[in-house]
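Both complexes shown next keep chain A, but they swap its partner, so chain B is in the first and chain C is in the second.
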Partner chain A sequence: MMPKLRRLRTASPFQVILITLFTALALFMSLPIVFIFNHAFKPQNELFLFPPRFFVRHPTLHNFETLFLHASNATVPFTRYLFNSLIVVSLTLVSVVVVSTMAAYVLAKYQFHFKQLIMSLITLSLMFAPETVSIPRYLVINGIGLNNTYLGHILPALASPVAVFMLVGFISQIPSDLMEAARIDGAGHVGIFVRMILPLSVPAIATISILTFQGVWGDVETSTLFMQKETMRTLAFYVNSLLSGLQNNVAGQNMAAAAGLLIFIPNLIIFLLFQRRVLETMVHSGIK
Partner chain B sequence: MSSVPDFKRKAAQYHLKRYGVGLLFMLPWIIGFCVFVAIPIGWSMFMSLHKVAVVPGGFKYTWLGLQNYRDAFLKDNVFPIELITYFQEMILMVPIIVIFALLISLLLNQQFPGRFVYRALFFLPVIFATGQVLSELFTQGAGDIPFLDQYNLEPVVRQYVGGELAKTVMEVLGRVVLILWYSGVQILIFIAGFQTISPSIYEAVRIDGASPWESFWKITLPASVPFISLNVLYTIIDLFTFPLNPVLKHIKDNMFKVDTGYGYASALAWIYFGFIFVLLALVTGLFSRSMRLKGGRP
Partner chain C sequence: MGSITFNHVFKRYKGESRPAVNDFHLSIEEGEFLVLVGPSGCGKSTTLRMLAGLEEISSGELYLDGRFINYVSPKDRDIAMVFQNYALYPNLSVYENIALGLKLRKTAKHEIDVRVKRVASILEIAHLLDRKPSQLSGGQKQRVALGRAIAREPQVFLMDEPLSNLDAKLRAQTRAELIKLQSDLKRTTVYVTHDQVEAMTMGTRIVVMKDGVIQQVAAPRALYDEPANVFVAGFIGSPQMNFLNGTIEKSDGDYYFSNKRMRLLLPEATGRNFERAPKTVRSVILGVRPEHVILKRGSTEEAGFITGLVQMTEATGADSYVYVQIGSYPLIARTDPEQTYAAGDVVSVGLQMHKIHFFDESTEELVGRGEA
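Up next, the complex of A and B:
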């Protein structure tokens, strides 16, 4: 604590202005988060206050209790959705990172046939809103028989154009001299990829991990379209159906508030886990 | 005599091997891409030229040619207007978001106590900007800022901007919060980008007597051109595929209407796609030219 205080005292006027500015902006930006957290702990009577109040007066865990009770009375227990979500998210995350880094590495550093074609295909497919291809996707999934399997959740997210797009930009910034040096020292293609490209592109990988995690964790499309069995659907789907079923329902608003927080928390955790890596400097990693 | 073809053969083999390695690394991605992106997109192209009707046991396709595309402009009285309005908004919002992100990330790149916390805070909105939470907040009116009505800014804007543009400006002003929230990823990309500029360059110019102002224009900005272009592209794409945007909503509505159906919705999607494509092509062209002029860095 002490060294921190000393640092504060020695801050220059410029730094003071910066900190004040950022505090104001950051407070403004964090309002919705404060709202979500407070909302989940509000008792029934505070949820419907008008004008709505930001901070909870009498925090209660009743909302969560109702949510879990409601879920355990349903045909599929809450934990099953949670389990599905965890499996799908972790497998997707790993496979997306591996597949896209491999692709981005050769796109950035190698010459091969159709490279230009693939690059332009990536940029093209980025522009296509995923909603518009959902029905053909369903037909494809149905055609190869991936309905009601975990693969049906994972594979559609696998070829992520966004991830490759961002990684290509990042990896092409890694100097080719480094790879040249490694090759002279006798490293193979796989060796260079595993020992150099992966560690050097950790900040970019962390970024796409965060993005992929959010996309998959909050995704209801695969559950709605490709999964007909209730036992194969994910937590996001469950929460979504809970919310949309309760649109004008007074009794369920507390469950909705609690579920909103539950779906938000893992995002926060993943972000806190990865952001250190994202923001960490690359000064010591040998670039330039 | 025999050594020349031999050499050529070896060279060809070498190239084949090199190319092969590249393709091998690409293979998993290519397969995934073909099955889940390319084929569906091609399929939707096929559908956009047909009238698609759902019959028991599958779909029924009736050939229409370009009729769907013609209808989009001539019969549909919502689509063209929404498309143009959204485009106007976009053209204003993209530079604002990117410049805002650049400024914030420059400041966040400074040394000051607790910057770690601030960096995290600026990225946080991105986390819940996806999905349920955002739409919930917007329906509760948390997305617009009260001072617009409070100080009655609209006449002022109308006076200085005028005409149809004033409406767009007001819309953008009303979404300031959204802009703040949407710059999280861009800030992250910029910060990651700044790390690739080595501190010794700054040290060198400082010794040569350059002020921080000059070193920003001469070093930071030119070095971050690739990241600016990446961010512009990312922002455009992000805004265009934003699930709450009115054009996509219109497309989705049409998808499940009986009289228009999936074929017409696909045609709309393709027109929308065409517009984005032109915009992105322009941006990419501009940036790649400025980068080539600068030379050196790829």
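Up next, the complex of A and C:
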């Protein structure tokens, strides 16, 4: 603590202004998070207060209680949605990491025909808004009969141009000498990939893991479009339906508040776990 | 064990008209310390990488111990390579770095342990085994990279400018250690460098390359004393050999080297070089090393001496180099550091005629020497 204080004391007026401004900005940016946490514990009367309040006066666990109780009354329990989400998220995460790193390794480190074309296609696909491909996606998923299966959730997220794009940039900075040294040491393509490329790409993998996690965890598209059975839909869909008036809007508000927090927490945990690695990715400009 | 044969090896890159390596034809003996030297872009590293299997051979054959290895993958060639930037695996500890090659070759665990520790003690890095490469200094990284190569006990060591990232003092020290190591291990070593001092001190044989073509292959001393052409003569030796353009003339049975500013009588033996030579050889380049230039104070009428003006002097401590201008011809002379010359001093310059070289002006090949 002491050295930090001393550093503050030696800060120039300009730095003091900057620090104050950024602190204020950070506090402002954290307001929604503060709101989510408080909102989840508000009793019914505070939920509908106008003007709304940020902080909870009389915290209660009632919202969570209703959420779980309501769920057990409904045809599909809350836990089923949670289970689906966990399955889908973990499988997608693993497969996206595997597929993207493999693709990126080859694109970054090997020369082959049509490499430029493939890279251009990947860049091009970054430009599409997801809505524009919903219909073709539906046709594909429906065509191969993946409706109401976990694969129907996973497959659309599997090819992640953002992940490949980021990883290509990262892996191409790993010196080729390392791979050559490994080749001479006796490693094959798989050996180099597993022993060198994967461990050295951990910061980038962490980043794409967060992005993928957030994308999939919060995604309602696959549940809406490809899943007709309620038992195959995910938590994000369920929470969304509570909020969007598919269910009883007024009665749903308290459950929505609790579910909102529940769905937010994993995001926070994942981010806190990986944030140091993410920063590394951003700082990383090359391995010396 | 460890003899290498290059049979007319070429390396052509797509879209380049000139081959990067042009007709590399050479046999490397078992246990030899061969140095490939030349300016950057001369193809020396490409040659090494072809030998390592990291670069495809466009045409020609490569043999290791009589085995045709053009299409053998690097891991099956029984070679180890030390890279310029060490290429240590940053995610592995020093121990794991050294052990990886053995592990991938399915060496027994206790055997790996014995070998890693032995190598570590030879290279004095035993106390660093648990560290990560990022925690090592340049010199230590260099040792780990060497250790990684040695632990595998390959037939051939390849080294691609392994010392160029070290500071001058450490480089000299490591150079000496490498020489000792090689003589202890007696393994064939192919060493690439652009530094002629490294080449001269380390190699049992030196290959000088330029533009992908071998200029000369010789032992260090022979390379210095009998350079095959102007390029080799200028590349080996620091400061470089002096070159003077002129012609060979014959009068009254004696041969003279002459140009606008000088007329030097050649020793009889040297002159005889030109007796049978074709007529085109008459335009020549005279080459003389700075240590074979004699400097005297003041101008003199003595035969074989030419008057010049001192431009500057360079004192390195042990020697001092005097830059003299004779008309339009510059010349560097090595002198005793006790003798000081100032810019503008008038000096007489003589050459040790038995130490001079003559190169043909158009082909730049050696055509005659003082000692013949």
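Note that the second predicted complex is superposed on the first by the 251 of 288 C-alpha atoms of A that agree within 3 Å, B and C clash if a C-alpha of one lies under 4 Å from a C-alpha of the other, contacts with A are read in each partner's own complex, and residues count from 1 in each chain.
We take it that contacts are C-beta pairs under 8 Å (C-beta built on N, C-alpha and C of every residue); 3 or more make two chains touch, one makes a residue touch a chain.
Remember, predicted model here, so these are calculated numbers, not experimental data.
*Asks:* Based on the superposed arrangement, let me know which partner A:Glu180 touches: chain B (first), chain C (second), both, or neither?
*Replies:* The answer is second: A:Glu180 touches chain C but not chain B.
*Asks:* Given the superposition on chain A, which partner contacts more residues in chain A: chain B or chain C?
*Replies:* Higher number of touched chain A residues: B.
*Asks:* For A:Met166 in the superposed arrangement: first (chain B), second (chain C), both or neither?
*Replies:* first
*Asks:* Let me test your reading of the model: by the given contact rule, A:Ile19 touches which partner, first (chain B), second (chain C), both or neither?
*Replies:* first
*Asks:* Can A:Tyr105 be said to touch chain B (first), chain C (second), both, or neither?
*Replies:* first
*Asks:* Which partner does A:Phe128 contact after superposing on A: first (chain B), second (chain C), both, neither?
*Replies:* Only chain B is touched by A:Phe128; chain C is not.
*Asks:* Which of the two partners, first being chain B and second being chain C, lies in contact with A:Gly260: first, second, both, or neither?
*Replies:* Only chain B; A:Gly260 stays clear of chain C.
*Asks:* Where does A:Met196 make contact in the superposed view: on chain B (first), on chain C (second), on both, or on neither?
*Replies:* A:Met196 sits against chain C, while chain B stays out of touch.
*Asks:* With the touch criterion stated at the top, can you tell me which chain A residues are shared between the chain B interface and the chain C interface?
*Replies:* Shared contact residues on chain A: 287.
*Asks:* State the interface residues of chain B toward chain A in the complex, per the touch definition above.
*Replies:* Contacts found on chain B: 18-23, 25-26, 28-33, 35-41, 43-44, 47, 104, 107-108, 110-114, 116-128, 130-133, 136-137, 140, 142, 180-181, 185, 188-189, 191-192, 195-196, 198-199, 226-227, 230, 233-234, 237, 240-241, 243, 248, 251-252, 255, 262, 265-266, 269, 272-273, 276-277, 280, 284, 298.
*Asks:* Across the complex, what residues on chain A touch chain C?
*Replies:* That would be residues 175, 177-178, 180-188, 191, 195-196, 199-200, 287 of chain A.
*Asks:* Quick one: which bits of chain A touch chain B in the complex? Just the residue numbers, please.
*Replies:* Chain A residues touching chain B: 4, 7-8, 11, 15, 18-19, 21-22, 25-26, 28-33, 35-36, 52, 99-100, 102-103, 105-107, 110-113, 115, 118, 121, 123-133, 135-137, 139-140, 144, 155-156, 158-159, 161-162, 164-166, 169-170, 172-173, 189, 193, 203-204, 207, 210-211, 214-215, 218, 236, 239-240, 243, 260, 263-264, 267-268, 271-272, 275, 278-279, 281-283, 287-288.
*Asks:* For chain C, which residues are in contact with chain A within the complex?
*Replies:* For this pair, the touching residues of chain C are 52-54, 73-75, 79-81, 83-85, 87, 89-91, 100-101, 104-105, 148, 152.
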